[in-house]
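Below, chain A partners chain B and then partners chain C, in two separate complexes.
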Partner chain A sequence: MKHIGEIIETNTKMFECQSVKLDESPDFGGFVKVISNDMTIYGIVFNICTMSEDITRKPVAFGLTEEELRRQQPQIFELMHTYFKVLIIGYKKEGYRGILPPRPAKIHSFVYDCEREDLIDISKDLNFLKNILNGQTGIEEELVASVIRNLSKVVLEKDCYMITVGKELIRLLKNDFDRFLTIKRMCKI
Partner chain B sequence: MKGNLFRGSITSGLEIKLSDGNIIEDVKVGNFVVIQGKKNKYLCMVTDIKFEALNPQMLINGINIEDDIDEKIIDGTGVYGVITLSPMIQVDGEGNAISVKSIPAYGSLAQDANAEDIYNVFGIPSEENLYIGTPPEMDIPICINLKKLVERSTGVFGRAGTGKTYLTRLLLAGLVKSKCAVNLVFDAHNEYGYEAKREGGSKVKGLKQLFGSQVAIFTLDRESSLRREVPVDGVLNIAYNQITPDDIMLLNSMLNLNNTALESIYQMMKAEKNDWLYKFIKMDSSEIEEYAEEIGANGNSLQALKRKLERLTRLPFLKHIVPSDCVKQIMDFLQKGINVVIEFGNVSTLGYMLVANIITRHIHEMYVKASEKSIANDSKEPTPLVITIEEAHRFLDPSISRETTMGEIAREMRKYNVTLLIVDQRTSQIDSEVLSQIGTKITCRLEDDNDINSFLSGVNNATKLRNVLASLDQKQQALILGHAVPMPVVIKTRNYDQNFYNDVSTFSEDDFINKPFLKLLEEEKVDELFPD
Partner chain C sequence: MLNRSKLMPMIYELVNNDKNFLNNIKKYLHNAFEEYKKIQGNEEELIKKIKDSNTSWLTAIPIENFSSIKPLPSVPVNYSVLAVDGSQIMPDHHEIRICYLINIGYVILSYGQNSYATMNSIPTLFYKEEELYKDTNGYKTFITQKDLSFKRTIMEYNKIFECISELDKDISMAFIDGTLIEWMVQGDENESIIISSILKTFNKAKELNIPLVGYLSSPKSNDFINMLRVCICPSKAVNCNTCSYLKSGNNLPCNKISKINDSDLFSIILKDGERSPMFLSTSHILERYGEHKIAFFYMNTGSEISRIEIPFWVTEKSELVDFIHAACYDQAKKGKGYPISLQEAHEQAVVSGNDREMFYNMLSNICVKNGIKMSRSYKSQRKRSGIL
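Coming up: the complex of A and B.
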């Protein structure tokens, strides 16, 4: 199993990773896992950015194609990195639980893409919806919709799953029905 | 149906949130639902069905749902069905059914009642428990307790064509079969005694065909009975001297009599005793003038009275001298426990009312005497008597019900074992005091607001039952409440068909289906039955 990133900042609710390769982060709304201490911690990718290693040095536009740029200014690609943030949604220790782990993921731990079995475990526990809607990411609706779309591809009975998730969303968003409608619309691609 | 209790009170009823997967359209007003509480079981009736939403906005925005999945998401979660139940009976841990004094615990499971629940409350069909119908959506017999039914008066109401006669036939057949009471039926439209036509053309059996010698038919219109080939047991004639001023007073509105006229009648009665009517009608104008002076009445008003009373002379059964005292015969039959149906043939309403009043008056006397005797001797009370009257509002109209024997029976006679079975279309035209004394009320669909109000006046939970009443089908459905049933109940009336005949009749199929009594009659020489 090849890792796709490494944790460079961590706390109870989320962690930030650096991608192994430039511009090769997991997708927005994708699921990743990290093995830390004696458990596997699961999370959702919600913010991806590529920027200079040195925050005081801002990249400039050269007006060249990528190929020309690689030929003329190869150092640029060495100084740039892709980072992504992950919202923690659960952990596995003798079975998956959709709640925050007792300890955060360790720094410099490797981050891996989730496999199908992991996704099926996650799909069974809808606590992640509440976790996302709590508003730590700033893009709650988009993230919920993206996660639901991703999970609906792995579950056995898609329609049934969409109904269960929809009902949970209605419960959570009972005071903001418009928000529910927005998410529902975003779920359909 | 399945759901959980989430709100409720004794006065406003219990509210159930319909569980996921249950379709609100499957729940019907009037159905039975059982709620299993922590200690007690509650048998309830569905009285209202509505939607509620987690958020009122959902009710509006949720309408624009795009597909099946969206519909399923919102249904039962955002917008859900709420069933209002009226708890009717509470069954405690030891199985005793008592009136409702508490409500089930929050979250208790509610589901459709099953056969056992219904049997526990209404009993299983037996001689005393008449299987009268089933819940509208179930196939479980619901019984009415005949012993209790005859303890108080009973009313069968409903608009024309909703099945009143049908229900009455079931009740009468049940009563005759069970022998809980002896019946006297004033059969205004010739529907109970012998064969009658059902709406749609086919024929149904009358009491005589089902019970043979346990039922006697008397007719006021011999010709009509002969034409319809009804095997009558006697032709009922009334003598003028059997008519009292009280009987005339009942006909007040039809004959258009004023107070002076009524007073004159009393004066004549005083002077002439029982013969007053015959003598008066036979007088010519000059005799009337003299007679008026003699008794101190106004001549003109007596003339007018005579003109009005002459309508009575056109009644075919009214005779100066009657061959036999039929009223006494009827009394004898009733005392022997034989049920009597009086057919009116084509006799007018006037005749119907006159005869019904005369006969009930005699019954009144007979039963009061018999009851008093039984109290004095500590002996057995007379068999309960049920008098069935159609178009009851004519007898029980607020303006006259205080004076008529029917009114008195309705109010007082249960103490003497006589009760009424009132069949009527207009509850609002029956004296409210009489209506309030009716023990068991059975109604088919009513539409007039006044009728519904009168029917429900004095009924517990009236507003909720109003919904139930309004949702009854046009035909063959009835709401029963009162003394003979442990809780109000909506039934789909049982079919009055071969199965029913087999249940109640002691005859074998061949005996009463094709050649019942006519052949027997021929053998016994019909003429002998009608001595001229």
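Coming up: the complex of A and C.
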């Protein structure tokens, strides 16, 4: 299994990773995992950015295609990195639990894409919906919708699953019907 | 603390002084340009006059015709360039331990097909007795800033020696930030050791047919102007020691162009991308360089006049000279005025104030962990936090 990133900042609720390759990160709303201490921590990718590794050096526009730029200014591709932030949704230690792990993921741990079995585990515990809606990412509706769309592709009974998720969302957003409708609209598959 | 109200009048004075100078410089430039036009076609005569002259300043010897201003050759798509630069943390008697660090940054940029960039820096820490002190006529003295800068120069050349064979394109060059003429070494007790270790890299570069190129941004040199001064001199055999104009107290004829330097003049001669004829430097230290005497030319990069220095063997291969001309221009264009490879090598090498702090903190932490008591001098501590 090849890692796709490495943790460069970490806390109880989320961690930030540097992608192994420039412009190659997991998708927004994608699931990743990290093996840290004696457990596997799972999370959802919610912010991806590519920027200069040195905050004092700002990239400038060249007006060249990527191919031309690689031929003429190869060094700039060494000086920029792609980063992604991951919201933690659960961990596995003798079985998956959709709650925050007792300890954050360790810095410099490798991050991997989740496999189908991981996603099936995650789909069974709907706590992640509340976790996302708690508002730590700033793009809660988009993220919930994206995660639901992704999970619906791996669950066995898709229609049945969508009803269960819909009911949970109604429970969580019973005081905010507009928000529920927004998410429902974005979940159209 | 800087007393601004006292400083301001001095800054005004400086600016006024510069304003007067800028008014005068036009006159000097005009004189120099007229002189430059006069000597075209009479190069043979001039070279003879220069060779016979005995001046108190360095005079370049032209190795191409004066009229041969070369336009920019086509820039190769596939080429690679190695650039090396260094920086250091100076020894500080007030810090927890007297030591110094030299950081050598290097980059290899390869353009065109299969382009790639390698960028790295290598720190070396010096702390041993023999690295901190030297023996001067039986006395133990602490090494000077000059010694350290020579050490750094040798390390920069050694890095080129190491990396130069990695350049895999058919045409490539190795860039040095600044001059290839180590005139500062002249007269130093280690002169021959320093020069001979540098020449190892010159030999290797020649063997691999990869030119070493020194790049000087906004050079203050005036080898060419000095040459014109020889032309202006009415004496048939120029000898500054027996200058009759000096004795009679009159204004020296050669003074009518003396206030400007080479790049001032070439900024009105060279158009964007053009280069001047090549000259041979007559710096005395080059007597030690053997077959690697240094030649140079000026080039208009589009943003400034830069001075490009190359070993003499390169001047005999016109295709290599064209490549250097084009590649230096291309590098400056890519770097928006200053060669991109040298900029990146500098970025790799540079040791910031924060890096310095981090280094001393690391050193002190590791010492404490190993049970070595450390303390900074009172001066150093007081510099960090004043008493109110």
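Definition applied: the second predicted complex is superposed on the first by the 188 of 189 C-alpha atoms of A that agree within 3 Å, B and C clash if a C-alpha of one lies under 4 Å from a C-alpha of the other, contacts with A are read in each partner's own complex, and residues count from 1 in each chain.
Rule of thumb we're sticking to: a contact is a pair of C-beta atoms (placed from the backbone, for glycine too) under 8 Å apart; a residue touches a chain by one contact, two chains touch by 3 or more.
Because the structure is a prediction, the values reported are computed rather than measured.
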With both complexes overlaid on chain A, does A:Phe177 touch chain B (first), chain C (second), both or neither?
first
Between chain B (first) and chain C (second), which, if any, makes contact with A:Lys167: first, second, both or neither?
first
Examine A:Asp159 and indicate which partner it touches, taking first as chain B and second as chain C; both and neither are also allowed.
first
Contact-wise, after the overlay, does A:Glu94 reach chain B, chain C, both or neither (first, second, both, neither)?
neither
For A:Gln72, select first, second, both or neither according to whether it touches chain B, chain C, the two together, or no partner.
second
In the complex with chain A, residue positions of chain B that touch it:
54-55, 57-58, 61-62, 69-70, 72-74, 76-78
Which bits of chain A are touching chain B when the two form their complex?
159, 162-163, 166-167, 170-171, 174-175, 177-178, 181, 184
Footprint of chain C on chain A - complex, ascending:
54, 70-75, 77-79
Chain A-facing residues of chain C, complex
77, 107, 109-113, 115-117, 119, 334, 340-341, 344, 347
